Amino acid sequence: MMDPESFLDVANQVTKLKMWPYFDIAHCAMCCLAVREDLGSGSHGFSRKHPLACWVSTMLVIYAGGFIAALLLGEPMLSPLKNTQSVLLATAVWYVIFYSPFDIGYKFAKFLPVKILIAALKEVYRTKKVYDGVSHAAKLFPNSWLIMIVIGVVKGNGGGFIKIAERLIRGVWTPNAIELLQPTFPTKACIAAAIVFVIDKKTDYISAPHALVYFGIVLFFVYFKLSSLLLGIHDPFLPFENLFCAVFMGGIFDAMQRAVSGKVAATADKNAAEKNGKAELSKKNE
Amino acid sequence: MMDPESFLDVANQVTKLKMWPYFDIAHCAMCCLAVREDLGSGSHGFSRKHPLACWVSTMLVIYAGGFIAALLLGEPMLSPLKNTQSVLLATAVWYVIFYSPFDIGYKFAKFLPVKILIAALKEVYRTKKVYDGVSHAAKLFPNSWLIMIVIGVVKGNGGGFIKIAERLIRGVWTPNAIELLQPTFPTKACIAAAIVFVIDKKTDYISAPHALVYFGIVLFFVYFKLSSLLLGIHDPFLPFENLFCAVFMGGIFDAMQRAVSGKVAATADKNAAEKNGKAELSKKNE
Amino acid sequence: MMDPESFLDVANQVTKLKMWPYFDIAHCAMCCLAVREDLGSGSHGFSRKHPLACWVSTMLVIYAGGFIAALLLGEPMLSPLKNTQSVLLATAVWYVIFYSPFDIGYKFAKFLPVKILIAALKEVYRTKKVYDGVSHAAKLFPNSWLIMIVIGVVKGNGGGFIKIAERLIRGVWTPNAIELLQPTFPTKACIAAAIVFVIDKKTDYISAPHALVYFGIVLFFVYFKLSSLLLGIHDPFLPFENLFCAVFMGGIFDAMQRAVSGKVAATADKNAAEKNGKAELSKKNE
């Protein structure tokens, strides 16, 4: 087993990991795969007929968190594109996934060991984005926890929130694909991570060093992503949610209400039955 | 009757009314009722199945004016949420209206005397928001009357303008619910109020003291809201609108045009009739 | 023929052309015509029944470039409206096109020589807007070519990009009318012009004086607009696009892949045929 000090060292190094360029590549690749899978069997035709819309919608997904956060914070929405090197890298990854000869790029990225690797890298990147989002919002609105959490979540899972706009650019309108209506696991995990980061930043409740908290969240993201890829476990939050909804979101009170009105209904039934019985009796007596 | 001085005193006090927390509660309650009525008979199921979407869409309605105004003025869109106390109050009201046991909260707010009270309070709050919107825009764009009016209107009746986005968050897409297409009475009243405030602020046409103007608009809003609730009078602007449309928006000219082309058509008919007549005559003569 | 010096003089004068008010009027008139044609045969009824929505959607088209650019750059979205004189002019043009008695305004603007004149003026105005967009973005993001091009394009052809929102305000939802999905000629021309302006501004590749570059782009825009109006030539970019798509967007590789898999399939067919042949032979031999 690892001794605690070297564990903390590892955690410290994870906090300071350089993202460029490997984590960026992994993030872009995962986004391109998501766009291509969203296109389904029409992806080949669409990418050939509408390369501009394909490129713009992919860029929208890759920089989704930055775009939405900038919009919500009144900053220039295009600022995520200001780093030309990063845009060129994203374009290169998009090109390889969609247009490589014999579809080598796509098949390579879909190859399970490769996919596991880039998925894991992307989750590390996600943690950094949630943390950066929370920190950035904390600078602008130091007293508003809600804004910090919102910015952390949209930075962490921008792709989910932008899905409706991304599809619209491809001419497909799916008003039901609202992330908030059926939050997916990444959204829930980002909410949890953002809350932990805010608590870590703004209060003294968490006594562990920051690097450990950060590392813990990285492990949490990577662990559940790999579980989902390998074991098909999709949502560990579900039991907690169900419990919360049962207690606070009307579950128990609704059941009580049903029970009470059921009692009333049962009484009514009984009365009706008694009446019927009496009627039958009286009939018999006739 | 009140003597003028004490009337001015009342008006002055109305101008300086403290909004927090009673007017805020009334505003939140009216917004929650609107959301719940918009959901219709599905509100119970929806609030139980999608509490997050329900909360977000309600918050969107409650802070609609702030969100839209911030977007239009290039300010952080989330800034209306920066006051945590206000968000907590809004959340509490939302919880009471949607999830209180035996639906007490909803039934209480719908009880006519209570509803009249909170509706009246909300109209006072609305006046303040229109005025704040106009003042805020006047600081940023001191020479643009149009921008002042637009910001005043969206602050005063944000809920109407955000309806399409609010429903979208609940997965319902109604492209026909555009406020501008069929402006409701609150929108028209806010336009009128914003114009009065801009004239009061920027010109000398209104010689009455500001407090009186403000108080007059408060009375106007409250009076028509109560008429609408109690007497079913919905739109006192309609006759003026019809007159305006008839004079300026083509009504009279269209009628003239129809008359002229009708004359032409009538002449044509006459000629045709004469020809027919002649033909008949010639037939007879044969 | 013109001597080079006087040609440069003309180019210099074009660069400094005063836009107000003739070019503004031409731009407004073209936008109003576009809105009216988009409404089709329902334009008369719509403009009479929904004057507010008609006005707002027309203003949206007229100031489209400014609105979208402001949104993308985090500036106040309403700032294009801050010049009251310009808004009044736009409103006057809108009124004349939609509501003039006997439809004189519309018929006058549609009269071919007039339409050619205002279309040509509008293209001069478009060049200025593309150039202003690129310059403005270059001030904010001096190193990002992509942002400069994007802002130049949306300023130059804002009406195309806002079509979906403009129709939505009129209660019509057409998710397929995404400019990026099927870019029209003005969009492509604006992309080309913006790229030339960025190269001219940021590098030394173009040795011609700036005024000449600008004048060349003006001529390019006017020439192709007039070709489109008079000769029905719609898209001179198409052959270049098809070439580019064939080389880079999968065209050649897809063909190769089809050829290879065709070969495989052919081989398979041949094998199958041989087998069948053998089977037949063996049948005969039996």
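Should a chain be cited, it is by its letter among A, B and C, assigned in written order, with residues numbered from 1 in that chain.
Following the convention adopted for this analysis, a contact is a pair of C-beta atoms (placed from the backbone, for glycine too) under 8 Å apart; a residue touches a chain by one contact, two chains touch by 3 or more.
None of these values were measured; they are calculated from a predicted model.
S.K.: For chain B and chain C, which third chains touch each of them?
M.R.: Looking at chain C and chain B together, the chains touching each of them are A.
S.K.: Could the interface between the copies chain A and chain B be described as same, meaning over half of its residue numbers are common to both, or is it different?
M.R.: Shared-number fraction below one half, so different.
S.K.: Return the distance between the CA-based centres of chain A and chain B, expressed in whole Å.
M.R.: Chain A and chain B have C-alpha centres separated by 36 Å.
S.K.: Please output the residue numbers of chain B that touch at least 2 other chains, ranges allowed.
M.R.: In chain B, 74, 173 touch at least two other chains.
S.K.: Chain B touches which residues of chain A in the complex?
M.R.: 71-74, 140-141, 143-147, 150-151, 164, 173, 175-176, 178, 180-183, 245, 248-251, 253-254, 256-257
S.K.: Please name which positions on chain C make contact with chain B in the complex.
M.R.: Residues in contact with chain B: 47-48, 50-53, 56, 70, 74-79, 81-84, 87, 98-102, 168-173.
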